[in-house]
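Dropping a structure here in structure tokens format, bear with me for questions.
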Amino acid sequence: MTTAHEIHTPDFLSGNDVSIPTYRVLSQAGDLLDGADRPSLDRDKARRIYQAMLATRVLDERMMASQRQGRLSFYMQCTGEESAVIGATAALDDADMIMAQYREQGALLYRGFSIDEFMNQLFGNELDYGKGRQMPVHYGSRKLHYMTISSPLGTQIPQAAGYAYGQKLAGEGLCTLVFFGEGAASEGDFHAGMNMAAVHEAPVIFFCRNNGYAISTPSSEQYAGDGIAPRAFGYGMQVLRVDGNDLLAVYRATQEARRIAVEQNKPVLIEAMTYRLAAHSSSDDPSGYRSKKEEEIWREKDPVLRFRHWLTAQDWWSDEEEKTQQEILRRDVLDTLKRAEKRPPPPLESLISDVYADVTPALKEQMETLTAHIRRYPEAYPKGARLLEPTEDTRDNTQGGA
Amino acid sequence: MPTRNMLQAINQALDIAMAEDEKVLCFGEDVGSFGGVFRATSHLQEKYGRRRCFNTPLVEQGIIGFANGLAAQGSVPVAEIQFADYIFPAFDQIVNETAKFRYRSGDLFNVGGLTIRTPYGGGISGGLYHSQSPEAYFAHTPGLKVVVPRNPHQAKGLLLASIRDPDPVLFLEPKRLYRASTGEVPDEDYQLPLGVAEVVSEGSDITVVGWGAQMEVIGKAVALAEKEGISCEVIDLRSILPWDEETIAESVFKTGRLVVTHEAPRTGGFAGEIAAAIQERCFLYLESPIRRVTGLDTPFPLTLEKEYIPDHLKVFEAIRESMHF
Amino acid sequence: MPTRNMLQAINQALDIAMAEDEKVLCFGEDVGSFGGVFRATSHLQEKYGRRRCFNTPLVEQGIIGFANGLAAQGSVPVAEIQFADYIFPAFDQIVNETAKFRYRSGDLFNVGGLTIRTPYGGGISGGLYHSQSPEAYFAHTPGLKVVVPRNPHQAKGLLLASIRDPDPVLFLEPKRLYRASTGEVPDEDYQLPLGVAEVVSEGSDITVVGWGAQMEVIGKAVALAEKEGISCEVIDLRSILPWDEETIAESVFKTGRLVVTHEAPRTGGFAGEIAAAIQERCFLYLESPIRRVTGLDTPFPLTLEKEYIPDHLKVFEAIRESMHF
Amino acid sequence: MTTAHEIHTPDFLSGNDVSIPTYRVLSQAGDLLDGADRPSLDRDKARRIYQAMLATRVLDERMMASQRQGRLSFYMQCTGEESAVIGATAALDDADMIMAQYREQGALLYRGFSIDEFMNQLFGNELDYGKGRQMPVHYGSRKLHYMTISSPLGTQIPQAAGYAYGQKLAGEGLCTLVFFGEGAASEGDFHAGMNMAAVHEAPVIFFCRNNGYAISTPSSEQYAGDGIAPRAFGYGMQVLRVDGNDLLAVYRATQEARRIAVEQNKPVLIEAMTYRLAAHSSSDDPSGYRSKKEEEIWREKDPVLRFRHWLTAQDWWSDEEEKTQQEILRRDVLDTLKRAEKRPPPPLESLISDVYADVTPALKEQMETLTAHIRRYPEAYPKGARLLEPTEDTRDNTQGGA
């Protein structure tokens, strides 16, 4: 396994010897850079991508505003990272598995998760596939091959290796793409997942969104090396660093990564250099740890605008369309939000279902005790009491499970 | 019926499961061509190939993370953790992921196919890092099933049931009995039910409950007690989670007395849960306090292991004290 | 005396400890210049420098591993885990290393200087990954101390005691009370004893035991009970490990009745340990079964959190049932 | 943090671009290789090193034989890795902290752990510093700055980072060297420890003994990259791969590493390529997973012999001395063994001491119950019963704690 050549003086190597370039295709003005190939991306697909980017922007804006109004408990924006997330997703087969961290709603929008579906999760109502158990933004969709988000960071990384290994055995030519932040890449699970995938040749794309921060912690306090990319060398894995705000670069890089993963059954690492333009979450205020000036610099590298410039230059998108589309999206989000926040909560039984495939006798008993208690104090548990009344319509809550 | 030891029974269960369903995979540290440090996975790689039975890198959180992903994908992973003492690096993957996978996704995804096998327990001069009995940690984790067999016959039937169960199962193997416990084990495929305790022998004066290797200890203690004319009802809990409160309660309604024993330290051990539940359920029937016979509230020792262990004499004394309360 | 909330009390305790002893270090995710996501470590980096108060990379097993090493070296690390739900990646470092360091080396080395602070518990719309109460996992781990304060005054005195205690301490902070609980907190340095429960209010009919945020719930429940003429003795356990069996037992000898409540799931929760120990100790004094009021045996929900939580009405009902048994 | 240069084609990098040479100084015959500097190693130190190597060999041989005779429950040999372990140790200040995995008894022999001290641990008797709680080979010595071994793999790696950080704050110019196998380097704790040390600039030397196997698992199934060394690049850490069977190379490399660690407060990685010539432990039989032929190849690279050749060439060691020394050592080991195995076990109270700094009331009570029980059945607990008798001499059991 190890290279053969010898040295006779104790010369330590430092990471500095290894220089990792960044792959870019588009200038900020939306022009192809010298030497860059025009990616094979047709009008329809390019528009599908852009529409997902736009939808992500609008959804994020509206929902953060709603959170500020107190209508929503919590929210997290993808703002600034739309190219990284949607570019990667667009390069996949729609049946490839995506295991995301939490800031990748763009991937869902690209794959066709409806605004309704978003809202039901955000409000944890009776139509939420997750049955109101997780905080907002913990989406999942079985039919869209998007693994339900889990809050503990990094856990999805070795899981992605396992999932992909199963895909390899199934032999259907599919792979898994796993998103994670440069912060989550510090977890032990990152090391575990990278190494397991490399040793067992799982077709998985490790996609790091290096957005410069993990909450308040800047990447300079997260790692001492040259980002996440050189870690691939430690696992014998191929790697590419890409400008994460350059949709065409991310798209092309991920296409190539997917080819390596699926054709060679080899895992691949992509590090997308980007920036979290918004706060970490609705609970966070970045002014405590970074400067407006720094944010400004990155605002000028807006990924959505950059791709729009390119689209416009292809004559595939117009200012008019932009305006109409934005309006439609805004209206759609607001209308849907109003519907979703009024919907009843999940049934009381959702407290005990899905812990096991079948409800255990002990849980059934605990539920009976709880039900009796709520009947005794209906005014103390308005939601619970309401749920005890029989409802007329039996709603279908299984679309995500198709 | 052929006589087998517990390792052979486990090996046969794995063999049957792999032969039947090509989605079943066995992996872990040294599990591949070597067949595991205890040889529970012997010959499986030969028979089913390197893709279905393999060594993993030395990383328990990776083994279980990988297994969680495989199970979510629809495979049926049987992951081995070399010693239960080394399961803790995987604690997050088990407690936050395995156990909550179905619940958090509203059943869109689940890892029900997963079985984690791991040898546990003392009596092998293993000291504090090759002797632990961590069942109570997992018993506080809704979403998991925790199963412990007491002999080869039980091991085969419970392991096959665990692999096929729609929920993730932690299967704790009493390693002291791996070769020491032998018995008749049918060659056929059979399953024993999860979540159901077994009344191993009936009695009328006192109920004695345990699991795994402790059942052998109870056997000896009860023999001593019977000599003194004490009639013991012996129950093997078999499943720690979910546990069969019903069967224990029924027995205590009859006997009015209960001794529970395990090797793990007393405080926070699973005997506490049983005592708490049974005192509530059987309050008016109890004729003496529920007694626990457990390890000390210390790590597991080595030189003084024999003194530490809740052996048959300690169980016997507890039975006696309970009778003479 | 100045009025402070719990975060301010904790911040002040850390400040006092760092000012007094330059070996005291505070670190964790976002703990540095930002002062922690809850701001418990505000201004400590400014005052004591980046070497003594700093951000760590996002790796809980690393934070505790690093802290174990520091403590073994003679430093006094106060490590923060951002949410108790995220302590599990460090479970191995805590359970196999922190807890067993002194024992395994025969006291050649110890990590007694270590304190791990972490916010726990529900009631903040956090769902299953920002609401867990993991005390029972650690209570089954000899070698650790586990401490939970109920209000700002307690938080300051118990945290100072924990930092200076010669054993490693897991300090669980009820995050629902961080800003909600305010009270008088002296500016001076003071300590409250570890391992000692506090009788918060005396009564004669029934003993009600809890810890942390649950003490507020008990307060409300007891108020309802007193209205019905039930005289409650309320005990804050404060230390989960080692726990003060004596004080609870003394109380139950007097009242003959016991209710224990916690937010964590029932099965394997620490109320089980208390019930098991007390039924054994106070068997002849108990007039009704010991009742547990706990979370359901499920992960923590979100939308139906209010229904899930063991609130004052549930505790009140348990008191009533116990009285009318 | 990241390098600036751009590329415009998606060219994935692979670890193969980074070639890691192996540092060697001595030929197997014990001659300095062309271009290799003669390390500054005087006669006394060289002899101290060699005597530790020899003692390790003899101790290992004797103890494995005793285990085979059933006198000892378990044993692990360092055989084949003496140069790696002792070369590294000799390059340190004797007050530097060593955190080992379990196969590094050579380090203790170099620092002066007596055969008595070894035997007391191996037999877990009343003089064992660890009070008979851990399996054989779990040595520790406070006075020799050698952290007590812990069985769970990898846990010492982040601990070493923390320990070294504390040393830096203490400002005494000391560092920590942490040993681990290439197997343990797969643990999440490895990633955690490397990254923590790099970010917080802890003076720690990460010393990987890459001996080709983790029990039965060959390194080819442990990782897919070029060994452990290139992982350093992912942490911005300096690294050197060294021929682990070449004492002078290991010594010189570790001297250099120590200089970097202590003078620059920077962690360093050393990967020593070596081979575990013996079984993994007394419970293992390597014939099940590797060939005699492979073992033979490595037996010819014997590190003890190689260094002895060099010493002999310096006229610092003779065949005669070798013979005498071996005999003395053998006799010493056997005599000490006989004493140690007869010594009484640790006191019964050792069951409950050191769990906490002070024995808790609950433990005191449990002890009383246990004592009463043993008095009832003295024949069932011969050790325990004996310990209950008051003993005349109060033996001193605190030497290791100095």
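So that you can tell them apart, the chains are marked A, B, C and D in the order they are listed, and the count of residues begins at 1 in each.
By our rule, contacts are C-beta pairs under 8 Å (C-beta built on N, C-alpha and C of every residue); 3 or more make two chains touch, one makes a residue touch a chain.
Being a predicted model, the structure only gives us computed values, none of them experimental.
Relative to the C-alpha centre of subunit D, the farthest chain centre belongs to A. Summarising the inter-chain contacts, the pair of chains with the most C-beta pairs in contact is A-D. Subunit C and subunit D have Cα centroids lying 39 Å from one another. Our note on geometry: subunit B versus subunit C, Cα centroid distance of 30 Å, whole angstroms. Averaged C-alpha coordinates put the centre of subunit A at 35 Å from the centre of subunit C. Residue numbers of subunit C whose C-beta contacts span two or more other chains: 54, 57, 59, 61-62, 85, 88-89, 92, 96, 100, 103-104, 128-129, 142-143, 267, 296-299. Multi-chain contact residues, meaning those touching two or more other chains, occur in subunit A at positions 128, 131, 133-134, 138, 150, 152, 186-189, 191-192, 195, 199, 221-223, 350, 355, 360, 362. Residue ranges on subunit D touching subunit A, taken from their complex, read 1-15, 17-25, 33-37, 186-192, 195, 198-199, 201, 219-243, 249, 252-253, 256-257, 260, 268, 273.
For subunit B in complex with subunit D, the residues that touch the partner chain are 29-30, 32-34, 37, 54-55, 57-62, 85-86, 88-89, 125-130, 266-267, 296-299, 301-304, 306-308, 311, 313-314, 317.
Those residues of subunit A that touch subunit B in the shared complex are 97, 99, 128-131, 133-134, 138, 140-142, 147-148, 150, 152, 155, 157-167, 169-170, 176, 188-189, 191-193, 195-196, 199-200, 350, 353-358, 360-362, 400-401.
By the touch rule above, subunit C contacts subunit B in their complex via residues 61, 85, 88-89, 91-92, 95-96, 99-100, 103-104, 128-129, 136-137, 139-143, 241, 243, 264-265, 267-277, 279-281, 283, 286, 288-292, 296-299, 325. Against subunit C, the residues of subunit A that register as touching in their complex are 73-74, 124-125, 128, 131-135, 138, 150-154, 183-184, 186-189, 214-217, 221-223, 283-284, 288-289, 345-346, 348, 350-352, 355, 360, 362-363, 366-367, 370, 373-374, 376-377, 380-381, 383-384.
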